[in-house]
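Written below as structure tokens is the structure these notes are about.
Each chain carries a letter (A, B, C, D, E, F, G and H) given by its place in the written order, and its residues are counted from 1.
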Amino acid sequence: MNAIDLRKRLALGAVAGLAVVGAVVGAGAYAAPETEAEPIDAVAVAEVQEEGVRGANALTHEAALAVLDAAQDKAAELGERVTVAVVDRNGNTIALVKGDGAGPQSPDSAEAKAYTAVSWGQATSDLAGAAEGEGATVADIPGTLFLAGGVPVVYDGAPIAGVGVGGAPSGDIDEEIALAGLAALADLEG
Amino acid sequence: MNAIDLRKRLALGAVAGLAVVGAVVGAGAYAAPETEAEPIDAVAVAEVQEEGVRGANALTHEAALAVLDAAQDKAAELGERVTVAVVDRNGNTIALVKGDGAGPQSPDSAEAKAYTAVSWGQATSDLAGAAEGEGATVADIPGTLFLAGGVPVVYDGAPIAGVGVGGAPSGDIDEEIALAGLAALADLEG
Amino acid sequence: MNAIDLRKRLALGAVAGLAVVGAVVGAGAYAAPETEAEPIDAVAVAEVQEEGVRGANALTHEAALAVLDAAQDKAAELGERVTVAVVDRNGNTIALVKGDGAGPQSPDSAEAKAYTAVSWGQATSDLAGAAEGEGATVADIPGTLFLAGGVPVVYDGAPIAGVGVGGAPSGDIDEEIALAGLAALADLEG
Amino acid sequence: MNAIDLRKRLALGAVAGLAVVGAVVGAGAYAAPETEAEPIDAVAVAEVQEEGVRGANALTHEAALAVLDAAQDKAAELGERVTVAVVDRNGNTIALVKGDGAGPQSPDSAEAKAYTAVSWGQATSDLAGAAEGEGATVADIPGTLFLAGGVPVVYDGAPIAGVGVGGAPSGDIDEEIALAGLAALADLEG
Amino acid sequence: MNAIDLRKRLALGAVAGLAVVGAVVGAGAYAAPETEAEPIDAVAVAEVQEEGVRGANALTHEAALAVLDAAQDKAAELGERVTVAVVDRNGNTIALVKGDGAGPQSPDSAEAKAYTAVSWGQATSDLAGAAEGEGATVADIPGTLFLAGGVPVVYDGAPIAGVGVGGAPSGDIDEEIALAGLAALADLEG
Amino acid sequence: MNAIDLRKRLALGAVAGLAVVGAVVGAGAYAAPETEAEPIDAVAVAEVQEEGVRGANALTHEAALAVLDAAQDKAAELGERVTVAVVDRNGNTIALVKGDGAGPQSPDSAEAKAYTAVSWGQATSDLAGAAEGEGATVADIPGTLFLAGGVPVVYDGAPIAGVGVGGAPSGDIDEEIALAGLAALADLEG
Amino acid sequence: MNAIDLRKRLALGAVAGLAVVGAVVGAGAYAAPETEAEPIDAVAVAEVQEEGVRGANALTHEAALAVLDAAQDKAAELGERVTVAVVDRNGNTIALVKGDGAGPQSPDSAEAKAYTAVSWGQATSDLAGAAEGEGATVADIPGTLFLAGGVPVVYDGAPIAGVGVGGAPSGDIDEEIALAGLAALADLEG
Amino acid sequence: MNAIDLRKRLALGAVAGLAVVGAVVGAGAYAAPETEAEPIDAVAVAEVQEEGVRGANALTHEAALAVLDAAQDKAAELGERVTVAVVDRNGNTIALVKGDGAGPQSPDSAEAKAYTAVSWGQATSDLAGAAEGEGATVADIPGTLFLAGGVPVVYDGAPIAGVGVGGAPSGDIDEEIALAGLAALADLEG
């Protein structure tokens, strides 16, 4: 064991309460094609204690795909061309599909509506009033869009995702399609 | 009940398995100062079924602040001026502090190292090899930085956060400071 | 008819070969909730002659969703956590899904690989050589990523879309998942 | 045939309905100067079945250039200095020319008007009402500009491109120039 | 001494009033792991004369961390989920913590409020009027947000930092939390 | 005094050690033309205690202008067309001038060199080695440029600014011009 | 004349050598549709003296369009699908056309090559060597691309524009097309 | 002469009216330190014919520096802390200085005002009306700011540059400082 490794392990030596693990095999560690050799003197990875961890809920990717499917089905039924987006509680897009012939503005619109719905835990149509009035409003916060068509996905009383739809001739229709996507979350097992 | 509400409720009427809730009071719904009136015909918010939800673990903000404190203490002990960043599993910065006199490049450097460590679940010093070799490497992925100074925070076998340090004269020192921050996660209760 | 309309129609009066149409009802024209009245003096919309139009092929959104589904099934089979992206021939993402637990870098990686594959009409693994050598290479073009995991979708001899996968421990696995997504395009009717 | 190729072909082996092609010669595959050797074990490129493909119409680049020419001729006739932009249905600029002495804001203005016109399939002057009213409007969607001077190019009842002009002293003049550009689409053969 | 060094020293030879120093050891000069050799012919670094220098005051990083702690304590007391940001007089974020469960929009909101407060040296709630009225207002300046929740940190009559809070249901609550953070600056020694 | 003010003052009531001041007149508080009335119930602004404040040194804007002048004089003497930039210790450009006929890339180049020099407290020509070697280097940190032509401005042993020059046919000439700019800092009073 | 106007004119009163003009009618001053009234108390616009002005040469937009046409003709002759861009000496794109079926990466590639050619006044193929070698090179300057396909337009011994082509299978072909575009500049009058 | 050169010269062989020149020595061609050898087979650079060239006027960098100096003198006289920016007719910043203690928002504000003034050839205070009224206005064009403090520099009846000031307590004061900067253009020779 060389000097650098020693320093690393000494630093961790002070971490009495941490269980030192050898590898994070389940975590999808990347190995570039050129570097097939095993790392020998890797930095020991420590497990954090339970006290520093909180649980959070998230929509599964299967559920997100079900939302996309159901929303596009509703759009087809209505003859509309839309983009559907699902955003997680951290504001990152986790699923998106742009319908055939949907306008170029529809992805940005769908993502921003989903982002807004998950940020405030309400449908964007119900939040529209917050964007009204003289002077600055919440609509000035980057990434938001207070047009109808965004709805939150709620679990255990908290928003865990947002669904946004853009591209239909009116926000009301966008919202109707988003709600159809939301409804798919009841059919996941049946 | 007007026509628009009716449509909304009909749309949700098909969602047999969803428990309709009246409000998301715990979710921090925003009310702008001008809109103090209760929304009357709000879109019914539906709770998603358990089947569509997965649990995820995240570092608490108290733990993240403890990392910042401990890392800056170590930096002071070593006489270094650094920025320390904590990034969650979704790549978003959840905590950051720029030390007195740290260089302007240190925040970007710290965040990118933390991002890289949580993305691959390994210390950036161990990942350095993946950025070597002719042609394209993982270092071409936006937002990454394969310099020593980034370490993952692991819980239950999976990376849940990354800690990154930038600004010291060498990546080895940055890493030593990051590991000191990591070590704080063992002292959270005691 | 007022003066402004007259000017508009005169301008179009010179367009002998164009069939003037009254409305673009099929095109998803947006009407904001506040503007429900019919536009009366709308700018006449002219149909372009056939000579200025070229046909192009694109992946349907249903096909794109099928790619996402099949790729995630393969990832589950392999125990990998990845993001899958589909990009059209114009470089715009038309479908994306981030798998449960996939790293934060995986969406950017997947989109860039798909973009690269559709740009050059080849799998990124076959293009890797183009990013090698001293000095500037095609890898310097913004938005590209020459790592394995991107494959083109070809129709009638031309690339019409790209599929990209990011997040697995190696590019070879990413590519295997992308190819499984591609294979779904044969099962669209059966 | 080595192991990696085998895996690739097996993956595609399941794709019964796909015609495996050897090369995409017509697609403009890039070969960097340094990599003149033939790729030997290239990933087999599969043709997607007809079911997954939809046709789309686009303006030819010759037609787009004709629009630029005619619009600048009209601008010269009127003594105006403008930028003219043509945007495709995916929102990407496919042709642009900044007139001599046109202001620095005119390219952004022209592109945003063209983008808006092709997104909603209407002239921006007719869409102006959609950007009015209290609170959020479609004008909050990124990349849009609801000022006169953008007109859609329509074929077979759907918008396939947008033409935008910026830089004249009023939006009415910008629109007049854009319509002159549109009129050129009737003279493509004569 | 070679020719290049000579030129450098001659250039500095004209700088009679500058004290030439050999190294900037305290400045955190970076040495990459691969380049451990001493630079031999380094460019002489000159000290600027006092006449060209002005003093400026800044919040220490310890004070910034104290603000984060106190603000999150107040948020916990109120049951709110917020992000707290501290921005220096140059507009750069020097400390940030996102509370558990705070919305994705809260970091941007907190940073922009802090930026606005330090820019004008006033609480954003007192600046709200400057963002009202017809036509352009200061709210059009990039990076600003004129919603309650941002307060300046003042020393010697000038703003030296800004504290911003975002994520609570109303700006008034955000401001209350920001003020609690500000109050921590009185307890730094006791 | 209304309820909101009361809450504000109570919050500050706990801040025993802070001197409450009435206004920040010296801080350049902005008043939009429409809002000429005095704010009546303004949030009390508190002065931070000395313990939370650190002094920092910065180049005066007069010194920065002197650097621009002297560097352009040297460029004229050498017949070169360059941009000269001065960046403060926080990485923000505080002064810049693009010489007549200098290339479009010269401002970005000058700013990045100045940024790099102030970040590491060394001339970029001396830092060149840090950007060499296989794999990732400090050159991967955003905003940096390790080409000759950037020099730090040092006071009291620490870098307080960076001067960067771009546009000459070689980095050596850029550096010579930057050093001439630096030399001007000795002539500020005489 | 009111007080504000008086101040303005007094400020200009000190500008003895400037000819005060009433309007800048030739400059394309914008008048929004709503503001048709004449501005009454406009700020007097002063003409700068000759001493502060330098002449510069630029490509006319007609010449730029001729380059686009000729380059696309050559591309058609060669059976290639490319984007052609013309960039002025300030680095701004003044003309661009994306050929039918050209890849999504081709506009960025064409613009960056044109930018590089006009920045250094040489063909990018001749500049390729400047992007080689260990460590940092000019290829690290943002917006540049050192691949063949960019050529400068020179007048009176100085570069006044750049032409860039992207999308062909090799940079040599891109350059051949760019040179054909350049050749069109000889046929402007005949 | 090898085949590649031959092709290049043949391509130019068709350019009868172009004078082929050997080098662009006055254009600041960049030679990286590593590539000191003469390029042998360089692409012949052709001079464009006069017909394709138009003259344009620009502010000299000395005049721009004089504007910065005079504006900061006026700001000092008034006791204000501001940033002054000069933007050319192409919208690029050619000179900027941030005054001691000016707010972090002042550079963006100054540049945007200068950009707006040179775009429309009028003082931003006179343009304020164009940003008023319901719905979209010119203030929606990116990069613009319709607050007082921006003035155009006019020569020969056309705007050739813009001067913008930001950071004073009101736009009127910003404008007064900008006009003082403008006045300096009369003292360039005396």
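By our rule, a contact is a pair of C-beta atoms (placed from the backbone, for glycine too) under 8 Å apart; a residue touches a chain by one contact, two chains touch by 3 or more.
Here's who's who by UniProt: A, B, C, D, E, F, G, H = Heme-binding protein.
Bear in mind that the values here come from a model prediction, so they are computed numbers and not experimental data.
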{"item": "Shared interface partners, meaning chains that touch chain B (Heme-binding protein) and chain G (Heme-binding protein)", "value": "C, F"}
{"item": "Interface residue overlap between copies chain E (Heme-binding protein) and chain F (Heme-binding protein), same or different (over half shared)", "value": "same"}
{"item": "Copies chain B (Heme-binding protein) and chain F (Heme-binding protein) - rotation angle from C-alpha fit, nearest 5 degrees", "value": "90"}
{"item": "Interchain centroid distance [CA atoms averaged], chain A (Heme-binding protein)/chain G (Heme-binding protein), Å", "value": "41"}
{"item": "Rounded Å distance between chain C (Heme-binding protein) and chain H (Heme-binding protein), as computed from the means of their C-alpha atoms", "value": "37"}
{"item": "Mean-CA-position distance for chain D (Heme-binding protein) and chain A (Heme-binding protein) (Å)", "value": "30"}
{"item": "Residue list for chain G (Heme-binding protein), restricted to those that touch at least two other chains", "value": "28-32, 54, 56, 58, 60, 62, 90-92, 100-101, 103-104, 119-121, 129, 131-133, 137-138, 158, 172"}
{"item": "Chain pairs that touch, as defined at the top of this document", "value": "A-B, A-C, A-D, A-E, B-C, B-E, B-F, C-D, C-G, D-G, D-H, E-F, E-H, F-G, F-H, G-H"}
{"item": "Chain C (Heme-binding protein) residues within the chain D (Heme-binding protein) interface of the complex", "value": "4, 7-8, 11-12, 14-18, 21, 24-32, 34-35, 39, 42-43, 45-49, 51-60, 62-63, 66, 88, 90-92, 119-123, 125-127, 129-133, 137-138, 151-160, 172, 175-176, 179-180, 182-183, 185-190"}
{"item": "Chain D (Heme-binding protein) residues within the chain G (Heme-binding protein) interface of the complex", "value": "28-33, 58, 60-62, 64-65, 68-69, 72, 80-81, 92-104, 107, 148, 167-172"}
{"item": "Partner chain H (Heme-binding protein), residues of chain D (Heme-binding protein) touching it in the complex", "value": "100-101, 103-106, 108-109, 112, 128-129, 131-133, 137, 139, 145-147, 166"}
{"item": "Chain A (Heme-binding protein) partner contacts - residues on chain D (Heme-binding protein) that touch it in the complex", "value": "54, 56, 87, 89-92, 115-116, 118-121, 134-138, 140-144, 158"}
